[in-house]
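Each of the two complexes below includes subunit A, the first together with subunit B, the second together with subunit C.
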Partner chain A sequence: MRPDPTATVDDRVLYIISQLVPVQPSQIRAEQRLREDLGMDSVGSMELLSMLAEELDLDIGVEDITEVHTVGATIALAKTFLARKAG
Partner chain B sequence: MHRPLRGARLRPLILGAAGFLGLNLVDEFAAQGIAPRCGRRVRTNVLELRRRKVTMVQAELDSPEQLAEACAGVDIVFHLAGHYPRLSLDLPGALEMGLRQLEHVLDAAARAGVRRLIYVSSSATAAPRDSGSPSTEADVFDRVPAFGTYHALKWHMEARALREERLEVVVACPAACLGPWDLRVGTSALLVGTARGLQIPHPDGVVSWVDARDLALGLLRLALHPAPPRRVLFSAGSLRLQPLLEDLARRYGVPAPAWPLSPAEALAFCDAEEFRAARYGGRPALARELADLIIHGVPLDAALARGALGITFRPLSQTLDAFDDWARRVRILPSSKPLEA
Partner chain C sequence: MLPRADDEVSGPIISQVRRFAARAIDARAIDRDAAIPREVLSGLAELGLFGLTLPEAFGGSGCSLATACGVIAELARFDRSVAVTLGLHLGLGTRGLTAFGTRAQHERYLPGLASGACLAAFAATESGAGSDLSTLQTNASDVGAGLRVNGEKIYVTNGGLAGLYTIAVATPGLGGSARGQSLLLIERGDPGLQVAPEEHKLGLRGSSTTGLVFDSMLLPHERVLGEASGGARELGIILSWGRTLMSAGCCGAARAALEKVASHLSTRRQFGRPLAALEVVREQVALLTARVFAMEALVDEVSRESEKALLVRSLAAKVFSSEGAWAIVDGAIQLHGGLGFIEDTGLALLLRDVRVTRIFEGANDVLLAHLGASELLQTSPPPRAALSEATASAALASAAAALASASPEALASPSAAALASASPEALASAAAGAEALAQQVDALQKSLQARFRIGVFRQPRWLHRLGAACVWREAIDAALRRARASGRADEVAQVSLLTQAARAAVSTLSAEPPPRELYDLCLRESLPRPEGR
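Entry: the complex of A and B
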């Protein structure tokens, strides 16, 4: 189920990842690698960033794809951009 | 009689705005001070459209309702989102989807009173000349070319677009597009593979290219032209692939590319790769449509684009430099290795 806007960043990121790979949010772990463990290709990684940018209203660019190799790194990226947005 | 369009009052919709050609077209519009409406699909990478702060509208090509809404109040539609099948294994399926979606776009544009639709096709529809001289807009296959799914699909879609009578349709046929924003590494695949020193099996043949930024300017000029040609080829030049790859290998200081496969070997390799990709996922090492385009490639004469639209095509070196700068920034090419100019 889609988390509401008050859900934690972690839960919202896990939900987005679960939309792109056939894995339930509850089975996704921070240490999992997007490509090797979750089977996401480079197009999927780009989609992940795009969905993240839309869901959290972040100014992410395509060059940030280099930062997202694992689930944990994706969550960290989202938090970094949210902190930057908050000023 | 179609009324001419004026730049300042242009109300354009770009279908496929988030893609390689679309982003270049959005940038060209921005340079001219025009804000296009940008169609997007649900599962689209819109990072760069968001950064450009353009107006986005939902425009699934299978949704006549969304397309109708996207076309409302628009006077020109750029259709850059024609079906491009991931694999070539299902010709009937590709034709069905490509033509159905094109029909939806044409219907929506016609009903909304759009005056001109610019459909971006492919140089795959350029037929060879008996004389061997470069093909022009007059050289069209009189029946569907039996080369592969991509050629057949592009031929059928272009033929359908040109039969449209409810609104003015102009067809742009670009050669292999190179330049910044090829996020999916489509036509740049062999370039990137060679630059990385990978020995990608490939055939030899004539390849033509165009800088995506020049194509974007050409599309804009097609929109503004009072009486544009019906079909325009966009090509900066044509070369044989093998010496081009050898030049690229020297430029990047990597081993020379493998000797080319024969056409039969190349197609067998592509087909095996497609079956592997269909079964296990991932991308074929060499896309079947690229092999078909190389094997059946013809030199192109883009005099019409230069003359009627005033396009000065960039030399290949400038296109490669721009691609290189961009590809290193987004790490499609390793950022650490300096370019050997």
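Entry: the complex of A and C
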């Protein structure tokens, strides 16, 4: 089920990942690698960041990103951009 | 030609292949019988071609991908089924084993593969997993005594001939990966393997295409090829080799069609003149000639790339050469008139054979979107000198005028006039055109980044357009480098001419397409938009 806007960033990221790969949010863990563990290629991981930007209303440019390799790194990136937005 | 005939390593091998093919290959008989005669396969083996790219330590010749591409292009001039059979063996069939195999795997399989006693095949596609290979259902699980494999593969080239199959399977849990994929080596005689009957196809009828069924097979752990659950990365590397070899085959087919055009047009007379004297015909042939030149330049250049660069550049080579081969064979049929439609000419077979190349080794539309995304991911594109639009256009126009006034012979065959050196002005104008094209592509990319930000990765139709623009840029750049190296006037003129077409194409690609809603409305009755992503 789609988490509501008050859900934690972690939950919202896990939900978005579950939209891209056939894995339940409850089975996704921070240390999992996007490619080897979740079967996402580099373009898939950009699609993930793109969905994240839309879902969390973040202004992320293509030039801002470096490739993220794990679920944890994706969550951290989302938090960085949220903090930038807040202040 | 691909590579150039004077290439020290490839030249003699390609000459040998040409002599053999001219003597032993009968394309129409292969098409009619839907099989390659044993003598042809054993002839290829005697020439050492099945071991061409395999390591010398195991009976191969250790030649480069570029040399293999030269051989495949040459074979494809005579028959595409033969080229595909060998190309698949050298590319998708054995690349994984050579690159990722263990010493024991090499010792067990490579000698037979190099001698041609054993052919190789590769199976990734399934009925539910074609363009999207992330959803493989064929799976292997560790049951202690080995790996239990279940599932089915479809459309396996060399499926009916091969003694060794590299297959891609889902291996959840293997190597600690939740959704990993792995490559496995399957032997023809393994219990539980069934090879399905041959498919009946539009073209490539002499090339074997079958399904494979894995019915609760138990494989020893040593059959994992490369890293357990590292299959997705390895697959990318293998596919990039396969695509490049397949692209070389497209160059050979296109070259064969062009040769037929030249010989037909120089003898066929209508309206009291040879067709080769008609202006519209000449324009068409010049464009086809330029396109084949660019295809050969791009594929040859890409085949010399590092493993990493090949991953992306092979996409452009594949799309450009397969779309080009289709257009060139189609154009050749048109220029033959009714004769082109008759099987005796050989063009009908070329057309049927070439059709699938826009689909297999990755459907072109899928690859274009991938290429567009890869372009956006590239952090540092190569620097280019700035050049104004006006200079480029004026230079292009003068080069095109020079080509239009060239003699008919210069277009049909490399005569003395065509071989003459290009003037510095012609070279500069070709370079200016290529530069202007690169700037157009760059502008498209920048505008997409500014407009969509990271959201550009969820704009498949723009990724597709950007990919198509990149293909043109890659092709023109490679053609320019080749023409510059030769200094030949005809080649430089071909680059200029094709650049005009490329620039027009990229302008169209950069224009705002009609809104999605318009397409939806067109399809409201016939194909309503499905729910979901």
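Rule of thumb we're sticking to: the second predicted complex is superposed on the first by the 83 of 87 C-alpha atoms of A that agree within 3 Å, B and C clash if a C-alpha of one lies under 4 Å from a C-alpha of the other, contacts with A are read in each partner's own complex, and residues count from 1 in each chain.
By our rule, contacts are C-beta pairs under 8 Å (C-beta built on N, C-alpha and C of every residue); 3 or more make two chains touch, one makes a residue touch a chain.
These numbers were taken from a predicted model, which means no experiment stands behind them.
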{"item": "Simultaneous placement of subunit C and subunit B on subunit A, clash or fit", "value": "clash"}
{"item": "Which of subunit B and subunit C A:50 touches, first, second, both or neither", "value": "both"}
{"item": "Touched partner set for A:41, first subunit B, second subunit C, both or neither", "value": "both"}
{"item": "Dominant toucher of subunit A (residue count), subunit B or subunit C", "value": "C"}
{"item": "Subunit B versus subunit C as contact partner of A:65, first or second or both or neither", "value": "both"}
{"item": "Subunit B and subunit C footprints on subunit A, overlapping residues", "value": "39, 41, 43, 46-47, 49-50, 53-54, 59-63, 65"}
{"item": "Contact footprint of subunit A on subunit B as seen in their complex", "value": "43-48, 50-51, 183-184, 281-283, 329-331"}
{"item": "Interfacial residue positions of subunit A with respect to subunit C in the complex", "value": "19, 21-23, 27, 32-33, 35-44, 46-47, 49-51, 53-54, 59-65, 67"}
{"item": "Subunit B partner contacts - residues on subunit A that touch it in the complex", "value": "39, 41, 43, 46-47, 49-50, 53-54, 59-63, 65-66"}
{"item": "Touching residues on subunit C, where the partner in the complex is subunit A", "value": "134-135, 177-181, 229-230, 232-233, 236, 370, 373-374, 376-377, 449, 453-458, 533"}
